[in-house]
Amino acid sequence: MPPRTPIPVIKMDPKKAPWEQEKKPHNRWHPDIPPVAEMKTGDLFRVETIDWTGGQIKDDDSAEDIKHVDLTRCHYLSGPIRITDEKGEPARPGDLLAVELCNLGPLPGDEWGYTGTFDRDNGGGFLTDHFPEATKAIWYFDGIYASSRHIPGVRFAGLIHPGLIGTAPSHELLKIWNEREGALVQAGENSTTLGGVLHTRPLALLPEPKGALLGDIPSDSAEWAKVAGEAARTIPGRENGGNCDIKNLSRGCKVYFPVFVEGANLSMGDMHFSQGDGEVSFCGAIEMSGFLEIKCEIIRGGMEQYLTPMGPTKLHVHPIFEIGPLEPRYSEWLVFEGISVDESGKQHYLDATIAYKRAVLNCIDYLSKFGYTKQQIYLLLSCCPCEGRISGIVDVPNAVATLAIPIAIFDQDIRPKAGGPPVGPRLITRGDVAKSKYDGSKPLTINQCMCGGGH
Amino acid sequence: MPPRTPIPVIKMDPKKAPWEQEKKPHNRWHPDIPPVAEMKTGDLFRVETIDWTGGQIKDDDSAEDIKHVDLTRCHYLSGPIRITDEKGEPARPGDLLAVELCNLGPLPGDEWGYTGTFDRDNGGGFLTDHFPEATKAIWYFDGIYASSRHIPGVRFAGLIHPGLIGTAPSHELLKIWNEREGALVQAGENSTTLGGVLHTRPLALLPEPKGALLGDIPSDSAEWAKVAGEAARTIPGRENGGNCDIKNLSRGCKVYFPVFVEGANLSMGDMHFSQGDGEVSFCGAIEMSGFLEIKCEIIRGGMEQYLTPMGPTKLHVHPIFEIGPLEPRYSEWLVFEGISVDESGKQHYLDATIAYKRAVLNCIDYLSKFGYTKQQIYLLLSCCPCEGRISGIVDVPNAVATLAIPIAIFDQDIRPKAGGPPVGPRLITRGDVAKSKYDGSKPLTINQCMCGGGH
Amino acid sequence: MPPRTPIPVIKMDPKKAPWEQEKKPHNRWHPDIPPVAEMKTGDLFRVETIDWTGGQIKDDDSAEDIKHVDLTRCHYLSGPIRITDEKGEPARPGDLLAVELCNLGPLPGDEWGYTGTFDRDNGGGFLTDHFPEATKAIWYFDGIYASSRHIPGVRFAGLIHPGLIGTAPSHELLKIWNEREGALVQAGENSTTLGGVLHTRPLALLPEPKGALLGDIPSDSAEWAKVAGEAARTIPGRENGGNCDIKNLSRGCKVYFPVFVEGANLSMGDMHFSQGDGEVSFCGAIEMSGFLEIKCEIIRGGMEQYLTPMGPTKLHVHPIFEIGPLEPRYSEWLVFEGISVDESGKQHYLDATIAYKRAVLNCIDYLSKFGYTKQQIYLLLSCCPCEGRISGIVDVPNAVATLAIPIAIFDQDIRPKAGGPPVGPRLITRGDVAKSKYDGSKPLTINQCMCGGGH
Amino acid sequence: MPPRTPIPVIKMDPKKAPWEQEKKPHNRWHPDIPPVAEMKTGDLFRVETIDWTGGQIKDDDSAEDIKHVDLTRCHYLSGPIRITDEKGEPARPGDLLAVELCNLGPLPGDEWGYTGTFDRDNGGGFLTDHFPEATKAIWYFDGIYASSRHIPGVRFAGLIHPGLIGTAPSHELLKIWNEREGALVQAGENSTTLGGVLHTRPLALLPEPKGALLGDIPSDSAEWAKVAGEAARTIPGRENGGNCDIKNLSRGCKVYFPVFVEGANLSMGDMHFSQGDGEVSFCGAIEMSGFLEIKCEIIRGGMEQYLTPMGPTKLHVHPIFEIGPLEPRYSEWLVFEGISVDESGKQHYLDATIAYKRAVLNCIDYLSKFGYTKQQIYLLLSCCPCEGRISGIVDVPNAVATLAIPIAIFDQDIRPKAGGPPVGPRLITRGDVAKSKYDGSKPLTINQCMCGGGH
């Protein structure tokens, strides 16, 4: 009867480069990336992860590292881990893999994180047409709380979660991904309504050998070239989970993943100390290195029993998430609304993305009346425990999206009051985030009714 | 020092037609609809409302009334109420009107509600291409709880709220609405990505004299013809609030409305006993008659102090909502995910609407394995306290939307388990909602990987 | 299929005296008080109640009515209501009666309440040796919120509940009550540790014909004299429920009562808008008239199946309470501690009552540094949603009791801070409660380490 | 700008005896125990602790270790830690020391805990007259959850907290403690009401050199003999905090301690994975080794500014606790009631301790109908997140205490239902805790109305 200390399966040293780690991570999805470990159902095991950029971002007061980040080298995932049952029989395609997140935290000795927005010509963010420059805020942790010297006057409890966690795709699923995303790029920006409104972000990121790290596959092998040439990028969430960015996926939660390859080949990374719904700034949660202590269970045949495919193949399914009983309780919220009318006043049809963009813009402008810069609020909304809701999706022509922010995270009362927002000595300004000027030439979305100021 | 009994300002008799009420409601937005009452700031007053269809839907087991509902006659709003300060000075354009919702409930003697989906050729719903037929479920209330003979085995606490509440638009704002919505209809369905995916719902509902009720304006007057010809329909949420469908807007909440006309001219209606985020079935909350007890405060100049317009004019603003400390606490949730890939497998670009449609479809298919019909779940997701979240909005090309449903509202454990969903004697089926066959000819979205069955 | 409007079973007019009501209430417990109504299981029915003093207390700024209250005339209960199953078979001794509280509220037209402390020579309160004078605060309601002109700067959401609800005792149970309470009075104050510390409150209130109201039993009958002479007073909670003062017993809760007489004979009254754990001031919640909408279920034989008697007879049992999902969420609390050492410094043995007294005293002194009088805080702790906990009950010789108060109910930050509590212009004083001088001669408990001031 | 990794101040090795640790802990309170470390305000530092018995209890299936535990050797505290401000000026008597609990957890490599009841002749517990034998349950942790092979079918999220934390007493305060507790022992059991009801537990534990560990004071020195002879035992909570057993004192909380000696001399230990209010079984929480990461702040003069002494001296004060926003959310509770009538049917006067004893007994008997032994429930109520409330403390002669238990921690529905508790194949029995027979001769409290069985 030994105590239930988690088995240390994958260790990471945040001071080393990704390719120098003992068990090399991977930053692409591919069925042929070999497992680095094998665990049985019921084992409680510990996986360490490096931050999503693999150490490209520093704890300093300059945003130059964010501006010049190499996004072909991101989302370093620890794993894959092959999962078997207690008799050693592996998880098989058609099973469900239930993964319980027992404990999560920052890596000891590396307890800090960052939030940023990318330069418009290098990744951008949800509001890149309003805020084209790279910015950065550094966060320190006091146990459950995060605070930042770049956004003073705000403190909140984090809900630590993995930004990415998923099972490996099969060859067939990988092919589906590459084809459908390729078709989108092929069709071009004009083919989408949103391309026009969110303009100039990449439509999709197709397979790209540059920057690929494929675990133990030697980078000078033919195997490497083949896998790197067809492996899927990690940016979007897909059928295998991946970058689902569910902010409440923290201690005590459980995810039911479809299994596409023998052994399930579970990988995870991109740990977040806290995130707002939508992760709007893109480099957007409080990004950090970290650890997960997890347990797996195999539900034999569960993928077919529980998941109904929706699409041309049996692989068009999604994981299911079970949220546990522990999260910060906030009792009072201020809620900002957006409808599917864009910044030029143009009416769109039931478009929740545009509605959410308007809600986020409304919230930024409102909160910036309390002594913050708009860039501070933009980063804050990306990483604090705010909730993005689809409130109405049927009332033609307007989708209504809302953004709710907990009032208690501020050190001042941010409610509207007779007399207006603080002015004069009542207004305390609060410095700014680190910024790095945008040198590109893409046009800004100008708020037409503002004279002079605004974004 | 009189006790603070709410002042009964507007009474409604749910047994009478809308036009027979003592203080006639209105079902269009227009600045020239005259106030039916005047209240001062600080007054606690009571407003009664009829249900949103004005009594077209009955407590029975047929969906024929839903199928043939007249949607030009909907959203009967009580009001407008002119608001002044304690000295009698009215709210003025540029002010904020803070409205506190002190108490809400069903109308005594009329404690029941309904949820439905409209026929595809008469309004439809979010999933009308999957579920084209009209359906209906009736709900009874035991205090805070709702239950339905048409969806047995489910019970949940409601968060009573007004589906519609807002201030009157000015002539200038009304013109903006009519122009932008007219332009959308003009451009036609092919102009929108979503028209293709949500196909065959109306793009927008433009001004329509038929069915209009304009409070005290006599229906045979020239005034009536003019107002009815230009008054905005009530379906979408807009700058004045309106159909914002925020499910948590219940007892103890406060809304800060922009004021566009002298007196603010506050109206409200479409009471919901409970609603899920998105209100997906369109006739979608638990719709009922009801009452509100409210208090108003005027923040002079607050619209300009607190709301930053985003768009071509100073009127492009939105209300702000303050959510209070009281709501049903649920501790465990099952979360379904969708990404912006449509049912044919086609990749869309960061489209939260499509992602949410997939999440809802995934949830319906999953829960229907537990003895419910898909139509029962579709209605349930529209009215139970489920949360629709925009989880990831930056990870090109996929938006990730999630739908979280509280586990405790079911009388069985709906989590995935070894052994699969209940079969044989363990599976309890639960009847069905009332249905009325779709006679139209529009095509169904077929789930390609299902053979025979499915929706 | 009629709508589920609650059946109005008992109506009360708060402007009339208790004995003038159509269905006269009762203010004693006795099996021979005849039912005033009969309801079936499954019926949703509405019971109105007058306030616990039967209208003796007024909405004014004097505490004279509190000082001279007649406590032989209190706890007017609506009922008894005889409960049968759907076939008309009554609840029987040995059954459990499950009572669901579907809805509760103040009586329309009478929406106000009061909190008081009684004069030391006429009832007193938990701290009567510190605060011997009668005091009063009046509360008005804005929907879920209460506020008082006598305790400005505080506002909180109420959890409306019945202070008293219970089934009728049998003759055998009544005899047990009278004997054990009589024996306590007989033994005298010196027989109890607590008599010394809580000194000079009555030990128990024995049967007393004066002031008795016994429903429909004519007051000049022999029956009346017999029943009034042996009926139990309503002050304490006992085996039948009664004055259990459980502050969370609000909408959506359920109580499982033992049934001692045929028909169960359910009675209820003493409605509270809100109460703190312990109801320390005795007249202590926000007392009001009100209504309950309830439903009953009979669990045949359930008393014997579920309740284990603990004592000399099978009647020594207690009800069980099921708390529902709806209550005000407060996220931050300040917690005050007390141990079982009394104000003179004397050590007592594991005495939770003394520990709680110390916790309450500590909290009063602390909060009075923020501009309130001690009497204001004493009343506040009696009626706001504060939690009284038995934190440690085994660590000899000290019991540890704690009192937790939600920080958000104050309009200032009441946490300790560098610089100390507010002084000078930062200190806002806030008037006082109504007071009525104590004319008696009983000694005050003096806080020995305070010079001059204090209580 | 180094990352904020906690400074490791005190390390403990759970495999070593207390006196073998590098920085020896102490198990008595005395001002002359020298600090083992010094920290500045603002430092985030990590303190490790051994379990409260210093390793006497093993992870096995026998309760012999509990039966023969040496209670003179318990409550090993890590510290004292001397606290200074950033300039090196120490905390001084009259200050408040604000201690923020940033993070807490089990010691890595030692993730398990135990709950027990002591033998009646060696410590006992709250119900020792009902349950005189020693018992033990072992708990393992899956992240936030605890489960036990000795109490299967139950799982709950823990709120990790220190059972003991406090500042050192001054000589003057120590003298007060020893005198008042000595006087209680002197007066004898007959002097207390509760001695009769809780009979045969020790009244108080007076200074006892046997088993004392005094940090770095050499055990053969004259200093040791003097200090050990007058140092206070650690069992009860007192003015300095100490064994306050506040179950919610977890991550994100803050305690404001009075400072009695220069440097404050903060000590802590007795880590609990989870505890129920009251910690009724005495060895009662889930006891474990663990770590705390904390930060201190000094509020100069705060003790005099914020704490009003209540008693003969200025030292009669108590700490204040601030509870944070993070705890397991449970939505449904079953609540058991007790009144101040003891098991023999005797009426006591407003005695919350007796009322709570009855509530605990009622709950044990009720839950034991669902397949558990009474001993399993007794241990469970001591360590699961149940709430013990003082519901009514003024309704003579009965105090009403309640015990609320979250329904969701059980794997079956424990609510009363028509048909009664499970019988036959529906009843799943669940083994038992480890037990060790009581050999003593003290009498059991017999439940008089039970024939044969019961406790």
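Think of it as A, B, C and D in the order they're written, each chain with its own count starting at 1.
Methods note: contacts are C-beta pairs under 8 Å (C-beta built on N, C-alpha and C of every residue); 3 or more make two chains touch, one makes a residue touch a chain.
The structure presented is a predicted model; accordingly, all values stated were derived computationally and were not measured.
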Chains touching both chain A and chain D, listed by label: B, C
Taking each chain's C-alpha mean as its centre, the one farthest from chain C: A
Intercentroid distance (Cα basis), chain C paired with chain A, Å: 51
Distance from chain B to chain A - Cα centre to Cα centre, in angstrom: 31
Centroid spacing, where centroids are CA-atom means, of chain B and chain C in whole angstrom: 41
In chain A, residues with contacts to at least two other chains: 324-325, 328-332, 408
In the complex, chain B residues that touch chain D: 328-332, 408
Complex interface listing, chain B residues touching chain A: 96, 98, 125-126, 176, 180-181, 183-184, 192-195, 198, 201-205, 235-238, 243-248, 256, 277-282, 284, 297, 299-302, 305-314, 316-325, 331-339, 341, 343-353, 356, 358-359, 361-362, 365-366, 369, 387-402, 404, 415-418, 420-421, 447-450, 454
Residues on chain C engaged by chain B in the complex (per definition of touch): 1, 3-6, 44, 59-60, 100-103, 108-112, 138, 140-145, 157, 251-252, 293, 295, 324-330, 408
